[in-house]
Each structure stands twice: as structure tokens, then as C-alpha cells.
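What follows is a set of structures for review.
Paired with chain B in one complex and with chain C in the other, chain A is shared by the two complexes that follow.
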Partner chain A sequence: MTAAQPLTFHARVGEKVRDRRLQQALQKARPLFVGKRARAVAALAEDQLDFEGLRDAGEEIRNRVLADLDVWLDIFEERARATGAEVLWARDGREICEQVIDVARRHGVAKATKSKSMLSEEADLNAALAAAGIRPVETDLGEYIVQLAGEAPSHIIAPAVHKSIDQVEALFAREHGRPEQPRSSADIPAMTAEARAVLREHFLSAEMGITGANFLIAESGSAALVTNEGNGRMVTTLPKVHVVITGIEKIVPTLEDFATLMRLLPRSATGQTISNYVSLLTGTRREGDGEGPTKTVFILVDNGRAALLGSPWQDMLRCIRCGACMNHCPVYFSLGGHAYGWVYPGPMGSVLTPLLTGLENALELPRASTGCNQCGSVCPVRIPLPKLMHRLREEQVKRGLRPRRERLMIGAWAWLAGRPKLYRWLAARAARYLRWLAGDHATIRVFGLAPAWTEGRDLPVGPGRTFHELYAARKRA
Partner chain B sequence: MRVALYVTCLVDLMRPSVGFAALRLLEAADCEVVVPAGQTCCGQPAWSAGERAAAAALAKKAVAELEGFAAVVVPSGSCAEHMRKVWPELLADDAHWAERGRIVAERCHELSSFLVDVLKFTEPPADFAGSVTYHDSCKGLRGLGIKKQPRELLAKVPGLRFDEMSECEECCGFGGAFAVEFGEISTQIVDRKCESIAAVGADAVVGGDLGCLLNIEGRLRRRGDSRTRVLHIAEVLAGGSGE
Partner chain C sequence: MSSRDEILQRVRAGVGRGDAAGRRAAAEAWIAGRARGPQPTLGADLAGRFMAKAESLASSVERIAGRGELPAAVARFLAAGELGTAAVITPELTDLAWAASGLAVAARSAVDQDTVGITGCFCAIAETGTLLLLSGAQTPATVSLLPETHIALVDERRIVGTMEEAFSLLRIEHGSLPRALNFISGPSRTGDIEQTIVLGAHGPRRVHLLIAGS
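Here is the complex of A and B:
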């Protein structure tokens, strides 16, 4: 999925709000995400640790990196090479695919196991691998499910959050060649074990492991992987080749900085103090190591990121992909992630998708926000997401990407609001008109001028006189 | 204190009683209240649409009208946030307006925070028979830190019982033009708000922003709830919101 889906966001909205199973899945997940994070943050306070102070520190680390990104990347490249790893640079998704396929061909790879990598989604790598005769197998449970379904992840840390247990059961029955059974949440461990058994075969037979990286650590040339399933370990240690695909902005200077960010990431993402697995991968297998790849390749990807440095959207590059913004987003939980049309959903997606795929390809996303700032107030690195969406709205206007009719209407309204006498007169007529439409009722049930409003709700109206009319009359009296 | 009451375009058109309630409250708090005659709209709708020039023009118009007052009071967290936070940013690059904008912006206050934080006024003149719950509107809550003030004031109303609903800080899905441009999403969001309101079962849901209140009331009525009253905090505190 390298480009936004053809259907418009608006068209997808209707489909998503009417999808009952999706809605049920989302309603189930929302309180879990929100509650777990809230408890983790509260527990920090009990340990006399200050979450707000940690957020400041996280923001500072990420800003420090972005201020000298080229320098940190140079240091990383040098240190990574010194540990025996190969470092490649990819400008875009196409180059990611070419490089991965090239590495695969050089090492005779027929199957690649994968642990989560959002960059491989940006590149639509699975399709490219399959076309090149290399079988990609997703091994993160959620990713495995969406791969079986032929879908894309709908959440950056919970890829299959949109799926109901019945849907997963149907997929497993089909893929694992067994009859379907009735399932409840009590069966989740059994279903997980079933997937594990299938995946174990793949872990042992794959020649290549492909992962993302949560962070790249400049001082040691390592990749840090933060996961909750053991799959990441298998993917990075069992195959002979390990390819890490990650964005150039993922660098942090030191292990100490990494430790600071690790206090923020699991708490913000899943409400955990620490994730089940944290791996620091440095170089290739050394003499005496029992396991590990003999070949490690880093593919460091730009795909539109460098252009954001120094732009009004640079703050977005601080993102550590925790998912907290979408977990607290009322729009995300009304639609699920697929409605957003590209790799990244929720508030961070509404900023990143237009920036990385082109403003004109995602005109609705920066506007599909109530401006509530529930995202910005939980973001562990203090990205002002609503402000960045707002700047995209202004940019759309500047580049002439808004419909003429909309601009004329706002222009006319603003012109009017600059002329109080005329404005008063018209407002008074409007108040009477609304009152008349409502008849004997307190509300209007169908309002032709804003049908989208009365589609879902009534429009309560006033007494048929404006405040300023009534106030003037009172002063005269 | 001589204060300007900025009623907001929405209150002017949709519910004048909120403006009069704010007026009564400020007078009860010993303010000399002036309603500047030329006021229309703070310009937030233009700003939200990305129309920076139009938003800046309306900001200048309002700043010029409001300059002479020790304080400007707005019965809306959303408009107050726009005035306090966005006006200075909009006018920052304009040598003639930057300083003027900054000074006026600092003097703009949302009603409940003005009463509590600035005037230390905690004796609302009303009484209220029944239970209320409070919806924290986003811009007031997350933009201006308004949380305790309305609750402190409501706690002082004789006869009023306060019942907190679950997720009172969750967005109601209004978002200005959002509710019309993305009506279906907005409905999904406000439905969750209606469920919280139904669960707490209060006689009235109270808030500080008419936009959110129209959204919530409209959805409650459409869902068939004709019982729960939906009131602006000024209407509750000033009294006369009863029959």
C-alpha cells in the first residue's frame, strides 16, 4: 500500500460506522488501551517519578537528534559497520524493496520471517517479495492475522485490533486446515498456541528475518527492538540473514537516552512498565555465539522524512510510534485504522499520511479532527498533533487545494462578520427563520442548510431573537 | 471592575439566555458590564478552516473593540482559548498589532475561570433543584486548564447535587465545522457521550460551551431522551434556568 486507497475518506467513513463487528471490536479495545496507560502513569507517580518530567526529557532527546540528524546518522553508520553490519540507504519504498530483494538473492533466500516493521508497510514489501518469489511470513500474532486476511494493519501496535475473535477463528481454520469451532475470549491462549506451532516451522526454515527497529542507538550501532511476543527474538536470531528496515529519524544518541525513552514507550503504548522483550541487536554473530545471523543489514529509509526537517512539521519526526494518540482519539475509535487509507492511522497518521504521500492525496485527514487534543495531551514526546494538522489545513488553503465553494462561503461569512450592522440584521433574520422552522418544537429535526447535522441529531433553537436584539431592546426600555 | 462581555456568535444566534445569564452573574460579582456593540465572532471558524488571513482580520477587529477593558469575559472555553492562545500567534508577525493583540489576549477569560480565579467569586445567586453532571469541553479543559472552577461554583448552588459521569473529559464530537463535514463520525462520538450521561442519570448535563451543548442536546433528543436538561453553566449559576 504505497498510495492512499482510491476511495475517499468520506466514502470509507460510512462503511466503517455501519460495520457492527468493527464497532464492537473497537468499543472493547478502547477502555483497555486508555485504562492501562492511565494506571501505568499513575503508578509512576506512586514511585515518585514524574511522567511530565519524563515527557520533557523524551522531547528533548528527540529534538537533540533532529537538530543534527546527519551527524547522528554518520556516527551510527560508522559504529554499525564496525560491528560487522552492512548499512544501506533507501530513498523510498521502491528502493527498500529492491535492496531487500537484492540481499535475499545474494543469500539464496526463499522464505523471510518478519516481525513488525511499519516501513515495510510503507514500501508494500510483502507484495514485492512475493512477486520476486520470496515468501514473507508475518510472525507477530496480529500481523499474522492481518496477513492471512489479506489486509493491512489497522493500528501501529495492535495490527488486528479491528478483528473479532470469530473472524480470527475463521482465518485460522482456513489457513491451518481444520474445521471452524465456536470461540470465546477464553480460547485466546489456545488459538495463540496454534499460531505459534505453525510459525515455529517458519522460524526454523526461513533464511532471512526482517524487522523494524524501535530505535537505532548511535553510540553502539545497535538496533533496539521492543516487543511483547517472542517472535522478534526468533526472527532476529534464527535465520542466517537479518535485515532491519527503519526510518532515518529513529536514531537516539546514547544507551542512556534509549533508557529514558523506554520509560515512556511501553507505558504510553500498552501501559506496561516494560515490554516483555527488549532486544539490543549489535552486529553479526561473533565467535563463540550460539546463535545469531551471520549477515546483518540495516536499511535506513528517508521516504519523505528528510524534507520535514526544518519544515513547520519537523516536530512529527519526534514520534516514537507508541500509538497513544490513536488510543485516545475519538475519531480513530469511531472508524478503526483502515479508514485512514494508508499505513498510519489516528492523529499521527492524519499528519504523516499527507506529508509522506502528498497533501493532495489526503485532503480530508487533517480536517477529520475535532481539535480535542486528547492526542497531544498523551503523546510521550509532546508532539502538538492538532497544531500540525492545523498547519496542514493552512497549507491546503495556501496551495489552492480547497474547493472554491468552501472558500467562498468562509470568505463571505468572514466579510460579513467584519460588518457588525449587516451581520446583526442577518443574524436576526436567521434567528427568526430557525424559530419558524422548528414550529412548536424546541428543535429542528431536518435542516436543509446543514443536513449532515440533522442526520444524526436535532438542532435545538432559540427564541427567535438574537442576544443583541434582545439586549438593545432591554437597554431602550 | 469594568469588563466587556463577549457573548459569542453562537450564543447570540442560538441561545441568548446564556448571554443574559452571564451578564447577571458578572453583575452579581460587582462588575460593571459593558457589551461592546460591534462584536460579532472571534474568528475561530475561519482559523479552523485554515483561512489565516480572514482569521487575522477578525482578530484585529475584535482586539480594537476590546482594548479599553480591564477584562473580557466569554461564556465559552473554546472562544476564550482562541482569543488567549491563537490571537497572539495570528498577530505575532504584524508590528502594529502584535503587542496590542498580546495585551488583549491576556485579558480574555472564560466565564467560570474568570469568576473563580480572577474575582474569587464563589456565591452564585441561584438555586437548583436536582442533580447535574458536567461535560468538560476540550478547548477549555486541555487548552486553558478549566476543570475545578465550574465544579467549585456548582458545589455552591443550594439544592444542586453533583454527580460526576464517566469519561467527562472525553470529546463530545462537536468540533465546529467537523460536526457538519463529518456528521457520521460526530454522531458516533456524541453517542458515547450520551451513554455516559444516561448512565449517570442526572437531571441536567451542564457545560461551558454552547457548541458542545447543542451537539449533546440534539443527539439526546434524537435518541428519545426528552427528560435530561442540557444547560450552560451560566444558566445554572445565574438562576432563572428553571421554569
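Here is the complex of A and C:
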């Protein structure tokens, strides 16, 4: 398992806030993400559908699976095998890499085209493939851009949301062996066409296609892939081998359940009523077919998921990876996805990263929240994200993971708060001190104990008396 | 212990419920029940709805009187767009009089050089303006994927309301699933460079639908 880089969140915050290009990219994307989803949800009324009712149904489907996940995994495995697919299991990222490389070697694979797979990010699969002499090529345009930049995705559905057109142009010029040109948004179709031509060659020549799965259908042993670009179809149609890497929690029972979730996923993710391509892939090429993979392999991955079943964090396993939580998060849009340090950004990342990589490796993430619950209110499967973040903070305290200084300060405060007389006496002194500090102004510009806090805002100051004092005086009057 | 057994053991410990046989039977019963979630109210004019939705997703739509008119309609569309006269078609369409309309068609899987792909569809879905194509020897999936222009024949009688109804039709007519079920809703698109939507990401840049009446 690739661990999150410990304690990098705070260190990165300043850097991300000052990155002007990142801030511009984020401010441009935010109203688009929010507006498109809001319009798509409102449009459901035309068909007399109610988004809240769909959310209830989505939550119920995901809960049904999680309550009997062992049974659903058995059914999926049996039915997928019956269609001719091979089903492998991976405990962690290392096993994912070993298994993919083994399949690649068995089939003489030199190049693998990839459609989006977050599990392959968890496993750092591209590095492992490259080290084994197999070239991985990301084919989702956003993933391709971040692969060229040597970066990780900064958003689970818009991986290159942090990149400006100039940065993309520089990457394309370098990779495609041509001089860099000045670019404006009018050139975006031409740049997309350029990537299309380059990636088309890769689609046609790769021996293996690697994808994730938006869902696994237990009823039919199928993988469901949802894309707009068509790259998911390419990598599952043209290469002779198709490997699906996905988490064990991604199962849905029936095609009908899948249809319900498809009314939630595109609306929540991109504000579309449906994504351009939705594919259900079942087994290998059939007798008489002139195309399609002759070998299909499912890799079902745990990587920390099974341990969440039956725990206070089981709700997180309902996640369908739509990205709505990050699209509505003030913290995400202040910092971008890279600040979060691992594969999953935004509120769902703030919950999932500590759970999958270890609480001690991501101490700051559950605190990267304003508690506004915008994420919880848009989540299509009703994951109570702020509550889970809060629980993670409590767990940090229980396990003694908070920094020593913080524990000492809170211990001191608790000691003081348990002594009301002393507390009141000190509070009265502090109120007078602040009043004195403010002088003739009603605010304090620079406050000695917390200069950073008052650097960007003034601290309003009270009347120099505590609430208790004022209350007592009023009662006497 | 194998990875499989260890993972399943962890899952069972987390699920924490006994009576494996009873739970298995309940799961099978859920599958057999095929319960549907909240369904849209779509009105009676499914063809009108389908066409309006397809157009809103950047497909162009045209009505023709019947299946036999497909070659002539395709020839007109290609001429208007200066898209040539050559096309790859799915073998299900070989019986039509393509040469009589001045078109040179090849019935096979598509290759990179093909610029126009012509297919039928298993059915179409009014709710979202979506085509459902099945892979198969008579209906290779590459024809709707590799060429820049995808033209599809939609039989008006096979426009159903929802994805659930499409699945229902599939179970009745085919029993099991083909290798690939492809739900297609307009030309391929991306918004990955500065959130600007561009048509023709990896698949077709344009999709033209010909709705054949009965």
C-alpha cells in the first residue's frame, strides 16, 4: 500500500493557496461543477422523479450489498467465472501489481492502455509496470495530461482540473515532439484532436487494456464502465487482454439496481443525465466474434476495505466515486486535490485516506473541513461525511495520536475549566487585557499570542467585562 | 492462506452474520425479483422524447419512412456533410441496397482508416436519448467506435422508456448478456482541458440517427 505522505497537508496548504494558476483553475471550475449538477437534479422534476427518493434508493442498494458482501462476492465470482473470465483477489497494492505483471507476462504484453482506475493509483501500478518493462499509457485525456506531467490526478473525475491550457500545451509539445505555441481556449479542440491521434495509435497497438469498474454486477458477472470520451470502450475492445481492477465493495446486485445508480452517478458527477458511453462487459469474445478480448481478468481488491465492514466507518463503503463531495467543498476549492497527499481528495478522501492508509498517516485530513455539510447534503448515497470526519478526530484522540503540544494545551484547559472560580477570575483579567489592548478601537489588529490569526482580519473586542460579570450587574440593577 | 480466502474471511468477520445458506437464498431471491427503483413518468410519445433528448446530447436526428430507405438517407447525409461515399457497416445491414444509393460499404469490424460507421441498434431509450448496441458477429462494436461519423438506424417500434425496459427486452430476446452492452448517448466528448467541452474525444465526433417508422 502506498502510504499517504504523513503530515504534509499543513505543509502544502500555504503553497497551494499562493499558487495563482491553481487558484484560477479552481475558481473557473467550481461554478461549472456546482451549476451543472444543480440543473441536472432540478430537471428530474420534468419526469416526476425526486432526487431525494433516488438517493434513498441508492443508499438502500449499497447497504444491501454491504450487509451481505461475502454472499454477493461469492455470487459475482461464480457468475463471472461462468462467462469465461478469470477472477483474482488482491490483499493490497503490491498484490495488484504482481498480478497485473504476471498476466501481462503470460500474454506477452509490452504496452497496456489504461482507462481510469483509482485502484491502480492506490497501487502505484504505473511505476510497477514501467519497472517490469511494460509501458502503461493513460488514455482518459485528463489522466494522460497528469501522466505526462509525472503527477497524480487532483480530482477523481476531472484529473487535470488543476492544469491550465499553457501547462497542457507545454506537456503536449514535449511529448509529441513539436515546438510550443501560444494557446487560447479556441485551440482546445485542436489540442484534443492532437491527443486523440496520438492515443489512437496506442489503442491500436496495446496488447492489454486496464480499467477500473464503476460497478460490478453480481447477477451477470459483468463490469460496468462509465466514460464520456470512449476510451473505456477502446481499451476493452481492441487489446487481446482486459484486466479489471476494482474494490470488493463495488458490487451491485442486479441490472435494475445498476439502472437506479445510473440515474444518480452522472448527475452527481458531471451534471449529465447520462454519460456518453455506459458499457457492461461480460466475459470474453464469443464464438463468431471478430473482435474483443480473448482473456478477461478481474482483480478484486481489499486494500483496507474489508476492515471497515461492521466498523463505525462502514457507511464510507457506499461511495460510488462521483466526486460531488469535492465539487461542493470549500476546502477542496481552496487547495485543489494534491494538497490531500494521496489518491482521494476532498471530503471522501479526508475520510478514506486515513481509513485505508492508517489514521496516523493522515492526521490533518479529518480536520480539513469547515463542518458545513455541503458534501453530506449532495452525496448521492447519503454518506454522512462530516460525521465520519468527526468520528475520525475522536478516534485520533482516543488512540493518543494528537501532537503532544495540543494534548498538553487541551489538558491544561480541561484542568482550568474544572475550576470555575479560577476560570472566572482569569477570564475577567483576559477581558480587561483585551479591552486595554484595543485602546480606542473596537478591534485588535495584531494580537500578540496569535499574530497569524489576526494578520488577515481584525479581532473584535468586547466591553472589557465577562458575560458573568455583565449578567450579575444586570440582575443587581 | 490464499488472498481470496483471507479477504473473504475478513469480509465475513466484518459482516458478522451467520446463516450463510439463508443469506445466500435471500440474495438469489433479490436477483430473481428484479425490483425496480423510482421510475420516470415519460408520457406516451416515446419517439418524440427520444429524439428531443438525443438532439440535446448533440446527435442529429432524422425520420425516415422505413428500414429500406436507410441507404438513400445515409447517402444524402454524407453528401451534405462532404463525408465521402465509403462506409463500414455492421453485417446485420448487408441486405440493404447500398450500391444503388452510390455507397461503397464493407460489412465487417471497423479499422482505423474507416471514416463512417453505420449500425442498427438493439433498442433505444427515450428517457435519456440513448442507443443500446450489443456486440456480436452480426454487430461488431468497433463500427460505432472507431470511425469519426457514426450513423445509426433506430426502429421506432424499438424505442423503450427506460434502461430497465431495455434490460427486460434483452432478457426476453437473448437470455444472457453478450460480451459488451454499449449504451451510447451522442458523440464522444471530453472536458478535461479547462472544463471546455469538445466533441470527438476518442470515439465519433458526430452521431446521426435515422428513426425508421413502421
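Things worth noting here:
Please note the rule applied: the second predicted complex is superposed on the first by the 459 of 477 C-alpha atoms of A that agree within 3 Å, B and C clash if a C-alpha of one lies under 4 Å from a C-alpha of the other, contacts with A are read in each partner's own complex, and residues count from 1 in each chain.
Basically, a contact is a pair of C-beta atoms (placed from the backbone, for glycine too) under 8 Å apart; a residue touches a chain by one contact, two chains touch by 3 or more.
Since the structure is predicted, the reported quantities are computational estimates derived from the model, not experimental observations.
Three-chain overlay on chain A, with chain B and chain C fitting side by side and no clash. In the superposed pair of complexes, A:T357 makes contact with neither chain B nor chain C.
Look at A:A427: by the touch rule set out above, it reaches chain B but stays clear of chain C. Within the superposed three-chain model, A:Q374 lies in touch with chain B and out of touch with chain C [touch as defined at top]. Of the two partner chains, neither chain B nor chain C is touched by A:Q147. When the shared chain is aligned, chain C comes close enough to touch A:A218, but chain B does not. In the overlay built on the shared chain, the residue A:P159 is in contact with chain C alone; chain B does not reach it.
Between chain B and chain C, it is C that contacts the larger number of residues in chain A. Contacts of A:P463 after superposition: chain B is touched, whereas chain C is not reached. In the superposition on chain A, A:W453 makes contact with chain B only, while chain C stays out of contact range. In the superposed model, chain B and chain C sit 120 degrees apart as seen from the Cα centre of chain A, a figure rounded to the nearest 10. Once both structures are overlaid on their shared chain A, chain B and chain C have a minimum Cα-Cα separation of 21 Å.
Common to the chain B and chain C interfaces on chain A is no residue.
Residues of chain A that touch chain B in their complex: 10, 13-14, 17, 330-331, 334-335, 367-374, 376-377, 390, 393-397, 402, 406-407, 410-411, 413-414, 416-418, 420, 423, 427, 430-431, 434, 442-443, 445, 450, 452-463, 465-468, 470-471.
Of all the residues in chain B, the ones that touch chain A in their complex are 7, 9, 11-17, 19-20, 35, 37-41, 43, 45-52, 54-55, 57-58, 61, 138-139, 142-143, 170-171, 173-176, 178-190, 192, 214-215, 217-219, 221-222, 230. Chain C makes touch with chain A in their complex at residues 2-4, 6-8, 10-17, 20, 23-24, 26-28, 30-31, 34-42, 53, 57, 108-109, 112, 127-128, 130, 135-137, 140-142, 145, 162-164, 167, 176-196, 198, 200-204. Residues of chain A touching chain C in their complex: 25, 28-29, 32, 44, 47-50, 53-54, 57, 61, 64, 66-75, 88-91, 95, 139-142, 145, 158-161, 163-165, 168, 185, 188-189, 191-193, 196, 199-200, 203-204, 218-220, 222, 228-231, 233-234, 236-238, 248, 253-257, 259-260, 262-263, 270, 273-286, 288-292, 300, 302, 306-311, 314.
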